[in-house]
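Both of the next two complexes hold chain A, though its partner changes from chain B to chain C.
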Partner chain A sequence: MATVTTAAPSAQQSTATRRIFNWRTRQMLLAFLFILPAIINFTVFRYIPIAASIRASFYEYSLLRGLGDFIGFDAYIRMASDDTFWKSLQVTSLFVLYKVPLQIVLSLALAVFLTRETFGAGIVRSAILTPMVTSVIVASIIWAMMYHSQQGLIQSILGVFGIPRQTFLSDASRALPAVTVMMIWKDLGFSFIILLAGLKAIPATYYEAALVDGANAWEAFRRVTIPLLMPVLMFVVVTQAVFSFQVFVPVYQMTRGGPLDATKVLVYYIYQQGFRFQDMGYASALSVVALIIMIVISYLLMRWLRPQT
Partner chain B sequence: MKRNGLMLLVAAALLLAAWGGRAPVQASPTLDPGIAAEPALAQGEPVTVQFLTWQDEDSLIALEKMAAAFVASDPQYANVSIEFTAVPFEQLFPTIETAVAAGAEMDLFAADGPDMKHYAYSEAVVSLAPYYTPEELEQWVPQSVEEGSFNGTFYAPPLMQSCSLMFYNQDMTDAAGLEPPQSVEGWTMDEAWDAWLKTTVDDSGDGVPDVWGLRWGQGTWQGDYEHGIMRRSAGPVGSPTYQGVGEDGITFQGYLDTPEAIASFEDYRAWHIGDRAVSPREPIAEIFFNKQAAFYVSPDNAIGTINRLYPDGDFNYGVTGIPYYEDGAQLCHTGSWHVGVSPQTTNLELSVAIAKFFAGPEGSQIWYDTVRQLPARVDMLNTLPEYQEYPQQMFAEGLTAIGIPRIQTPGYTEYQQIFAELAQNVSQGEGVEVAPLVQDAAVQMEQALAKYEGWQEVEPGS
Partner chain C sequence: MAVAEQHRGAIAPSVRAENDTLELVKRVANLLLRGVLYAIISLIFLVPFIWMIFGSLRRETEIFQYLFPLNWHTFFPIEWTLQHYEDIFGISDAGKRAGLNFGRNLLNSFIVSTGVVISSLVFNTMGAYFFARLKFPKKNWLLAFVLVTLFVPFEVTMVPLYIVVRYLNIQNTYWAMIVPWFASPFVIFALIQYFRDIPYDLDEAALIDGASYLHVLRTIIVPLAVPGLVTVSLLEFQFIWNLFYWPLIVVQDADIQVLQVVISSQTTQEQTFWGRTFAGSALASVPVIVIFLALQRYYVRGVASTGIKG
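Right, the complex of A and B next:
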């Protein structure tokens, strides 16, 4: 009997546990089904290509002739003495360093200014967001026309102020800044909209408390806005740094990497090696290095910008 | 722990590297003409043939007409439709490569003549040698057969031929008091430069000419077809400069960077920058057709464009010979578009039939009527009345008298990429010495083409 009385609650407990377990399993399964499309997407279009690139980087490889001989780390060793690779890395770094801080400062200023619902704010917000939804290839073509040293709209505007015609895209010292300006214009909307949302999420009570404590506008911005906006800022800085590191289309369309390699960014160089010089193995090795650089940059930026508790 | 992680990463990388090995080589694209039956065609089911080509309005119009004529040419093709996919010229080469490598649906493609050697070398085009008798190959000028062949095996028939001469806007030359000679011999480079300077006009006085003396080459791209002429023209016939590349097709030092070739690149710089500039530093699209340039070096398809843009004839133009260096040689680059059959095709017989039709008498006639460019067919060159009289007669004469194929190498695309960068750097690199740029480009070309060493010994289709 004793056995029966002790066994009964245990069986009930077991059934209950199984029910909870089944419920949890079902919930887990459901959750898994929800994220399955994303997993498939990432696996097929991200992780498998990354693995394939890593593999290809150890071979002689061209699109038409397929994988050739195994060459080990030769492509990586070649990179060390490849002046164009180092130059492209330098150009890419400059592009990121020009673009990201300028874009963030500009978009933050605009977001702060446009947080308040003043007259015309909606129109200005739309104007800022329009380039974001414009195709980058179309934007590149239009800006190349605007920059043209003879027929460009920008030349006419300079002319109004008595400034003589300037060469932008055909001048080695101005081509990269010119491409940077275009890309800031293009991407400004992205950082602006995220920062605007971040600003609107900060409760007004913090500002009221700061006001009571005697803080002026600048102090409130420095001591309230920036710390509370830091997670959003981190997201914007990291994503923009990574996206900027991958810049390709404007360079391909506006300057073809020139003049004198002044705009030959890393991804353009990878494209050239893979699709123009039929050296997909070396292009893969360059891509792997680019990926590692981006992971390192993201990690460092996240550490640097991590909100302090 | 960190060390273990690193070891794991290295092991994973090595595992990935060891995975697979050499990919299976594609089956030889030199197929037996009899093996590919098209059941769909035989049963009268709709068949769609995919044709990849380059983006050009006149050419697309011509191709559509040729496709319609092909379908109408034989009742057995009544159910056939040809779909054209057009990509910009610069993207055509990687698009073909990617399509073949990915096994994408593509039956036919149009490609620039010099690239055919690369496709044949890489087994990305079907040899059409079994479909043409030696007598049939004589229907085209020998340059076209050479450009469509690889190591003696014929791969791709030509749609047309070309030879660039110099067009001029006659209203502008009249205003400048110039009378360009209407003969293939034309002017020397110095004489031409004087004419370009006289026709470079700055009416507004803002320091930037409203009309430029010269646009050398079609479009805005600084490719080898036209921009590679000057450096070869700087040397006499048979010299390394004139040859442009070593016998092995991969040596450029001593050919691209000879003193006379470097001098021609210095002239090229001076055309774009400085007191004697005659051409805009940043290219202007359609500059000649918009009457913003007085002289224009181009093949005769410019005549078709002028006819299309100015149907009322209000564009007075003339043609003179292509300028050349007095101590060198006069030349024009030959070659044009060829039709290749993809090894991915599932409609081999049909695709071959289309390629043969397009390059045959009827297709070539339609092409010519629309595009107005020098035919590759000998019979058309001999019988078309336009090619018996000025100005088009000059292009036919130029082809045979001064026409030479572009450098013959399976690495033409790599060469052209580096050449175009060099041309851009020379024309825009103010303050940078020309000679080191050229010498560096020659080294880069050799490095990029080293992988083709021994290509002349490769058995076609092997």
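Right, the complex of A and C next:
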């Protein structure tokens, strides 16, 4: 009797728990359906490609003949003695080192100059953002025409100052700076709006306090603006460095890596190996190395730029 | 004392007047300087577009004729013409002979961009709802799985992506240009922030009343997150519209190729047809510029928030 009374509720309880458990499982499965498409996308189109290219880098793999013999680390060994690869790394680093600091300084100066809501500031801000919303390919096409050694608009502007025609894109020492100038023009809007939003987020009371303490504009900028803007600045530097390291389109359109490999950046070299020379195995190995370099760079930049507090 | 008082009274107005004029001159000079700087900055960013748009509307020879010395007509046409547009759309005989059909490519760009925006709105909204609201064991692991892809460099993974798309045998189709982008870590991340701003009481009440997750998402979350959804759609549209490297490698068929790639292949062969190149570039950039100017507020907020929140 006693055993029956205790057993009955517990049996009831267990069916109740089971029902709750079933309900929970159902809810969980329903919830999982919401994230499933995204998981599939990231698995198939982000993770598997990286795994596939790591695998492809150990094989002979041409676009025409498909996956061939296993060659182990041959592609990586080949890379070590590939002068064009090292040259492309050098060109890419130069591009990033020219572009990022100059772009950040210019966009910070413009953001400070255009923070105040004076008449016309809105129009100037829209103008600065216009290149950002156009494609890199259109920007590259138009700038290549502006740089044209005979009929370029820049020749005409130089003419105003009495400077004769100059060559830009076909001159080995000027091609990379020319591409860099165009890309700063193109990307400046991005760093500009982020810095502008960062500046506007700094409370005015901080500046008032600095002025009360007798600081001039420059001191206020150095001691109030810069420290408070540091996280935003860091974000902009890291993202721009990572973006710029992957530059491809302007080189493809304006110079095809030339003259004399002076603009042959890493991603263009990968494209050339994979799609011009049909060597997917080597292109994969190059991609893997580029990926590792970029992960290391962004990690180092983030550590180095983190405010010491 | 009285003398001093009188003296002060006599001298003060003229000093003040002098100060006032000086102040006025300073302010006018300041305003002028600001205006000149505004004009120079705007011109630096806009001149290439001005040159492109007016260049597309004048005869080929005119583009070069007025280059030296730099003057009003370096930019502004004397004789207006739509010839270059007739050429690139394949309406004129010259355009037909060159096999140009940019109308088709413009349509392809629209198909691909809207396809991505619509599918991305559906799947990213679902994903963001999952992370912002639903209960699931080890949800943080899934979030990490999604957000790590934010740091995977884009252009570098085009060759790897091509290998997979080739394996799926969808290269050289619209699918190849749409399917890889139907979910985006950036959009999911941004939408999570927008959804978290919506009070949880609202959907909790609906769930207690027996509403399904999908019902809550459709009737409560989506209507309240419209500004956020507009922002991410705008950024996504611009991103896909401007894509170049991916369609370049994955599509060979000119009939389904997007505008950005076609204008490039027109220019790289021989830079002889400047007018057509200008017209094609204008066609590829003016739609996004117009959309951007109309919805600038959403756009700026979207980009700015990546820096502030990220």
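In the analysis below, the second predicted complex is superposed on the first by the 267 of 309 C-alpha atoms of A that agree within 3 Å, B and C clash if a C-alpha of one lies under 4 Å from a C-alpha of the other, contacts with A are read in each partner's own complex, and residues count from 1 in each chain.
The criterion applied here is as follows: a residue touches a chain if its C-beta (ideal position, glycine included) is under 8 Å from a C-beta of that chain, and two chains touch if they have at least 3 such contacts.
Every value quoted in this text rests on a predicted model; they were computed, and no experiment measured them.
Superimposing the complexes on chain A yields a three-chain arrangement in which chain B and chain C clash. Applying the stated contact rule after C-alpha superposition, one finds that A:Phe275 touches each of chain B and chain C.
In the superposition on chain A, A:Ala283 contacts chain C only, with no contact to chain B. In the superposed model, A:Gln253 lies in contact with chain C only, and not with chain B. In the superposed model, A:Asp171 lies in contact with chain B only, and not with chain C. Of the two partner chains, neither chain B nor chain C is touched by A:Ala111. Look at A:Ser62: by the touch rule set out above, it reaches chain B but stays clear of chain C.
Of the two partner chains placed by the overlay, only chain C lies in contact with A:Phe45; chain B stays clear of it. Contacts of A:Ile154 after superposition: neither chain B nor chain C is touched.
When both complexes are overlaid on chain A, the residue A:Ala220 reaches neither chain B nor chain C. Taking chain A as the reference, the larger set of touched residues comes from C, when chain B and chain C are compared. Within chain A, the residues touched by chain B in the first complex and by chain C in the second are 148, 151, 159, 275. Residues 27-28, 30-32, 34-35, 37-39, 41-42, 44-50, 52-53, 56, 110, 113, 118, 120-121, 123-124, 126-131, 133-139, 141-146, 148, 151, 153, 155-157, 159-160, 185, 188, 190, 193-198, 201, 232, 235-236, 242, 245-249, 252-253, 267, 270-271, 274-275, 280, 283-284, 287, 290-291, 294-295, 298 of chain A touch chain C in their complex.
Considering their complex, residues 13, 16-26, 93-94, 97-98, 100-101, 118-119, 122-124, 206-208, 280-282, 284, 413-414, 417, 420-421, 424-425, 428-430, 432, 448, 451 of chain B touch chain A.
Only residues 34-35, 37-38, 41-42, 44-49, 51-52, 63-64, 67-70, 74, 123-124, 126-127, 129-131, 134-137, 142, 145-146, 149, 151-164, 167, 179-180, 182-183, 185, 188, 212-213, 238, 241-245, 248-249, 260-261, 263-264, 267-268, 271, 274, 277, 281, 284-285, 288-289, 292-293, 296, 299-300, 303-308, 310 of chain C touch chain A when the two sit together in their complex.
Note for the complex: chain A touches chain B at residues 51, 54-55, 57-59, 62-70, 72, 148-151, 159, 164-165, 167, 169-172, 256-260, 272, 275-279.
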